[in-house]
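By letter and in written order, the chains are A, B, C, D, E, F, G and H; residue numbering begins at 1 in each of them.
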Amino acid sequence: MQSEVMFAGFGGQGILMCGKVLAHAALEEGHEVVWIPSYGPEMRGGTAYCLVMISDKPIGSPVVRNPSHLVAMNRPSLEKFASVVKSAGIVLINSSLISIDAGRTDVDVIKVPVTSIAKELGSVRAANIVALGAFVARSKIVGFDTLRHCVHEEFVNKNNFLSLNLNALEEGKKAVEMPAEK
Amino acid sequence: MQSEVMFAGFGGQGILMCGKVLAHAALEEGHEVVWIPSYGPEMRGGTAYCLVMISDKPIGSPVVRNPSHLVAMNRPSLEKFASVVKSAGIVLINSSLISIDAGRTDVDVIKVPVTSIAKELGSVRAANIVALGAFVARSKIVGFDTLRHCVHEEFVNKNNFLSLNLNALEEGKKAVEMPAEK
Amino acid sequence: MGKTYQKPESLSDQHTHYCPGCTHGVIHRLIAEVIDELGFRGRCVGIAPVGCAVLAYNYFTFDFQEAAHGRAPAMATGIKRVRPDLIVFTYQGDGDLASIGMGEIIHAANRGEKFTSIFVNNAVYGMTGGQMAPTTMPGQHTTTSPFGRNVEDVGMPIKMAELLAALQTPAFITRQTVIKPKYIIKAKKAIKRAFTYQLENQCFSFVELVSTCPTNWGMTPAEAVEWTENTLLGYYQLGEYKTPESISGGEDAK
Amino acid sequence: MGKTYQKPESLSDQHTHYCPGCTHGVIHRLIAEVIDELGFRGRCVGIAPVGCAVLAYNYFTFDFQEAAHGRAPAMATGIKRVRPDLIVFTYQGDGDLASIGMGEIIHAANRGEKFTSIFVNNAVYGMTGGQMAPTTMPGQHTTTSPFGRNVEDVGMPIKMAELLAALQTPAFITRQTVIKPKYIIKAKKAIKRAFTYQLENQCFSFVELVSTCPTNWGMTPAEAVEWTENTLLGYYQLGEYKTPESISGGEDAK
Amino acid sequence: MGKKVLMKGNEAIGEAAIRAGCLNYFAYPITPQSEVAEYLSHRLPEVGGVFLQAESEVAVSYMIFGAAGAGARVFTTSSSPGISLMSEGLSYLAGAQLPAVFVNIMRGGPGLGGILPSQADYFQATKGGGHGDYHLLVMAPASVQEAAEMVMRAFPLAEKYRNPVIILGDGLIGQMMEPVEFPDYLKTEPTKKDEWATNGMQFRNSNKPNLVKSLFLDPNQLNENNLILKAKYERMKTEDTLFEPYNIDSPYQVLIVSYGTMSRVCKTAIDHLKENKFEVGMIRPQTLFPFPEVAVFKAASKETCKAVISIELSMGQMVEDVQRCVQGLRPVHWYGECGGNVPTPEKVMEVVKSLV
Amino acid sequence: MGKKVLMKGNEAIGEAAIRAGCLNYFAYPITPQSEVAEYLSHRLPEVGGVFLQAESEVAVSYMIFGAAGAGARVFTTSSSPGISLMSEGLSYLAGAQLPAVFVNIMRGGPGLGGILPSQADYFQATKGGGHGDYHLLVMAPASVQEAAEMVMRAFPLAEKYRNPVIILGDGLIGQMMEPVEFPDYLKTEPTKKDEWATNGMQFRNSNKPNLVKSLFLDPNQLNENNLILKAKYERMKTEDTLFEPYNIDSPYQVLIVSYGTMSRVCKTAIDHLKENKFEVGMIRPQTLFPFPEVAVFKAASKETCKAVISIELSMGQMVEDVQRCVQGLRPVHWYGECGGNVPTPEKVMEVVKSLV
Amino acid sequence: MAFKHIIDVDRCKGCGLCVVICPKNVLEISDKVNSKGYFPAYQARPEDCIYCTKCCIMCPDVAITIIEEGKESAA
Amino acid sequence: MAFKHIIDVDRCKGCGLCVVICPKNVLEISDKVNSKGYFPAYQARPEDCIYCTKCCIMCPDVAITIIEEGKESAA
């Protein structure tokens, strides 16, 4: 089994790191994993995305036309990628910044106001981890404990951000464990 | 018919120009001609040589193992090239600087003290033209008038050298028209 | 005129790709204003560098060539030599001009090539993500000087204006900055003077502009302005380093 | 000792390929003498240039690398960085160092690489047959400036010592000549001082030596000496341009 | 063997060099490989190594020359235009028979091109971008793990042949993260270089100076040097050609030759096609020079094989080597993209199916 | 047609450019081609042209870029190491689709090597020394006359394809003197470049800026640009492949493929062998890219032909193209020297006879 | 004379340089995101504006135009 | 002390620099060619030599050696 998760948003929203934490968690659980960034020209304010591939067998093509899931942190990302997600996949929408819909009925759309949640926690910079928490809680693609451990590892040396992000993770989880707004 | 003339000596003895004048004369007479210099690394005081090929047909290989004739202006040149000259060819030896023999009996060896002759004419720098005059007079590889014309052309813009070199040419001719010292 | 303010004609409508607060934008505008005012847009050729300004050609409304990293002065030489009637300027960052392109700028300046060189010194490699530049300040942290620039190991930052002024060939060489309106006004005057020398076919002209890179300095644009004024300008002193009139070189700041 | 004179141990027995009267030979000997006197032949690495001195390695009795045209300073940097215990010098001509190798010498000097640069300025490209160099004098005839160097077209000759002295990083920078015994003795002192700074791991050291190329100048060796003294030394003034003690730079000729 | 860690290819390349026993690095920033320098700028000081950001790629190539000539293990990384600027230096290194390791994380070209993955420097790497008769030993990894291992193997190979080795990765190899471990057994001691390196006579207790050079003014000596080089390249062919066969025991109708990231896409395509009962075999060259000539010829000769195709992120470069090896035995096709987009497995399937 | 004059190859090359209508020259001295610059330093001022000795070969390549981008006819000459330093620039020129003419009077390599004749830059010229997918149109003269004519033809060809053309001569082509004339009909007018050159809007009465660049950050655009280049290279193959057959109507047992000076030696050898009733045919490529693929294949297919041999002043470079074209039809051999010595006709005869 | 001070919301990247440079403290950063995801500047206190053009001179994105009322752009 | 002044005929390239530099006008160029084709310098007036070593210092070809009589080279 192989699944691919696409994280996408503005540059600066912590998209790449978000994917990295998920990839790390998958590795910890013994999966094969590949993390692929967009590394467009250093044009500021562009869109950034990354793809995390998780599998039980060695991973062949790192190029995927149809990812299993999408975490869309801003509107252009949703517009660009919503249509390519595989049927039955998850599409997580950052409803704080995105007012439109995924335009798909064959996928599991979850809207979570991750930016607002993060703002309430103290910093919009934690929005990515809110989204990650929400996505993993819904997809169960990795164990939540493993994920928590990996978030801890990621931030343990950035002291002022550790508890913020651990909280963000839990808040993300909570957000999808409540009936998601549809 | 194709013949090849090798001019060889010290750098600075005017070897290359000597060959060039001959090549020019051959061209004037309607022959095919190639002039090939040695262009060793710019190491001063080394040996210099050039090869003039004259033919009635387009010239193929510019690389020749056995030239028809040799004009040796110094001893190392004679030592290096005497043995490769074709049978029945001419070997002209600058006897002012070379005390040894060609070591060949199947070639026409002419010894001419070209450096001394040139010195008497006013400058050792004309030794090359003395040798050229002697060589052409003996070989008749080009007409002497054509050669004289070409020496004229070569030096017409270097006024102070024109008459010196025209004289040198004639003296070279004279040197072989007298019974050559054997 | 007086107090009204509009986009110059030599500038295109395109939004730039630069980060918020990046002074590349200010410099583009000044160049465009000068070209409008001197009226040579129809025979102007710009040369975009390899650096954050690699897409500069999108933001102007006249001919452009896009250079290889550091080689803009050679390209400008090529253009001016075959077409002296074109007005040519290069636009280079500090990595581009002072590192890989050092040979080309020195020789173009020394030959007295009649083009104008706009040198954007932001003390860092912007485009590639904030590596150390030859102009990075002592102690400044960058992605390849993670412990701060160690001058014992890699030497002092290079002062390009002073270095070029040490050459003997007549030239106009000045250093300005664009971090505040008062400086911007002076910078524009310097750019205008540089192009004027070219229009008169007098000499090579070089305008160094001390600039900001908030993104790679890890500062807000306003902080970047402050750091520039307090730190960079102490080392990179503003002024005229050489004019074709004063062939001797040396500082005669105005 | 006193008045006796013999070939230094650091010099090999090989006859050089240089033209009669070419001062490359004098410089080789001075370097060899200094190495003998300071006693570091066993840990010395020389770098031969692309230029008439391309075969320099044949004339010394210690390790050598042969460089690509202009890149000796980069090679010396590579050696010194991985083996700071070796004593490294580069030997470069004016085409090599001041033309194609301008970027490398400036950056090595500016980083303060701890090697010694011997710069042989003979105002011409010797090896390739006498083309114009960046150091060719105004009006000087060469095979590529057949009407004499035209400074309107190609600028003034480059003064490397002055240019490098304009950098901020501490260094020892001097210009000497080797055309007569009185100068030769001074030149040797300068070379010795340069190597001493390296032995003490203090700074980059640079010795420019104004030299002759009788062959390509079309002069006898004696005429070449006269022309150097009368013409070249007027433009290329001898002296110390920078010492690690006087970080400011500028001329303080001794 | 250590634990598997998740690393970006570029960082793994930097770490691999250290683990292989190479502590000397000179480089100049360029996307998409600047992370190697960024990583090493803090890692090398930790282990007492040498990190220097040079003024240009030209300078880099000669810093490498100097350091290698002095007997040190040394390496650099760059990307396409940067490698072009090192052409002269690479030729000098090969001519002077110096061991050193280069990594090219290729981006789209020609010219400034783009910064996305490409394999368009195949010719440059395998045929020698510089002048004269020389070759680089060229390795092409298809994963971060393989990139790390190839870097580690590159140093002893460079020393075995006294010749530069280049690792040719596309941008994705540098940019993606995969789990990686650095096998202890790939840590090697630099070979003794006292015979030729300019490492100071007193340190090798010798009175004979060493000389590092590529100049041979005498034509016979130069020819001699070129014959020595040629003999080394022939030896590489017999001793160090590497390739991975894939699905080669099946009765394949089509043989793919592909390397690097592109070969992974092909593997996925081959797996899918197999599910559809369409057998395709692949030879993945791991060394591009020496090229697995015999393997490709043999694989093409298989009776079931109707066609051969070279699939590359370029406009058709490796295909020439494939043609050369297949010797007219089977039609040789080419498919590729070279703007930075990597074709999907679906596209590869379509192309392959169209061949028969 | 003018009168035949005796000229050194290097001088004839300089004069040919002027006669072809190119008055702009940027270069850096290097043996064995410095005479081109020396000649043009007095000739170009006479005709009101531009002569500039640059600070380096890297700078030369970009002066050429700037001048060509501004719409001027422009050329340079250099020799092997100098060409390596232009690799990046050549890639940029091809990427930006600029016409310009380069001449490489090859010397022995790799590295500093020697200064005597060599053909060891075949790979560099034909496979693209720089990065990315591009080719140069490569012409190889075998005499001074042909060198002059090729220079004259190179300018319109460069403009036809908006691609750099390189003329690959060995050191002898530059150094020897032969009679030469400059055919008037080869004088051409530069094509109009208003569509793309940065020659100043007001001079072309336009309000649309022109842009000269090789940067395409969008992968689709970059791919597009590469497809345009590829199409040009295909077109070169059909429209501008040049070669000279020699003794090809005889029932030859051996086919030689050889170019430049080496091919002249082969001609003499073929003539001698013919006298001895041993027939040998030859294809002499005059363009090395595009390579005369079909001609070589056809010539190799001749029934009498038992073996093919590539004879080059290198360690075996063109032989790979020959192998590729011959497609296994006949055994393909190689013979060469590459230190600067050019083999004699006798040696060639010996080698050829040993094949059958 | 009357002037008009216009900030092109979509050109503005919200860098805030105009805000700090304004001698009359006229400008502020909005909390409404623009199409590119930036929070643009706006004249919070237009009545205090003296049309000194300092903000125009400073703005790296040529986002600010000041025109004389009635006279529209000629370009 | 007594000194010996030796010119190595085959190293000498006959450049004449020693001749012009000698303060005592001791040296001259010979008219006998050496093995490399040069006309070497020689001490025409050895009795005038003051062993000042100027010629040694000048000679680009290290062709001149001065040693103390009786003490041969140590190297």
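Here, a residue touches a chain if its C-beta (ideal position, glycine included) is under 8 Å from a C-beta of that chain, and two chains touch if they have at least 3 such contacts.
Remember, it's a predicted structure, so these values are computed and weren't measured experimentally.
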Enter the minimum step count from subunit B to subunit H; a value of 1 means the two chains touch. 1
Does D-E or D-H have more contacting C-beta pairs? D-E
Distance in whole angstrom between the CA centres of subunit D and subunit F is 38
If you average the CA atoms of subunit E and of subunit G, how far apart do the two points sit, in angstrom? 54
Just give me the whole-number Å value for how far the CA centre of subunit A lies from that of subunit G. 37
Expressed in whole Å, how far the mean CA point of subunit E lies from that of subunit F is 29
At which residue positions does subunit C touch at least two other chains? 18-20, 22, 54, 66, 68, 99-100, 102-103, 107, 127-129, 134, 154
Using the touch rule from the top of the page, what residues of subunit H touch 2 or more other chains? 13, 36, 38
Where subunit F touches two or more other chains at once, by residue number: 31, 52, 55-56, 58, 81, 88, 92, 96, 111-112, 114-116, 213-215, 217
List of subunit D residues in touch with subunit E within their complex: 41-45, 47-48, 54-55, 57, 60-68, 71, 74-79, 81-83, 85-86, 103-104, 107
Name, in rising order, each residue of subunit C that touches subunit G in their complex. 2-7, 9, 11, 15-16, 18-26, 29, 180-181, 184-185, 214, 220-222, 225
Inside the complex, what are the residues of subunit E that reach subunit F? 58, 80-81, 83-85, 87-88, 91-96, 106, 108-116, 118, 120-121, 123-124, 127-134, 213-227, 229-230, 314-317, 320, 323-324, 327-329, 337-341
Subunit F residues within the subunit B interface of the complex: 4, 6, 31-32, 114-116, 171-172, 175-179, 261, 264-265, 267-269, 271, 342-346
Per the touch rule, the subunit A residues reaching subunit G in their complex are 10, 45, 74, 97
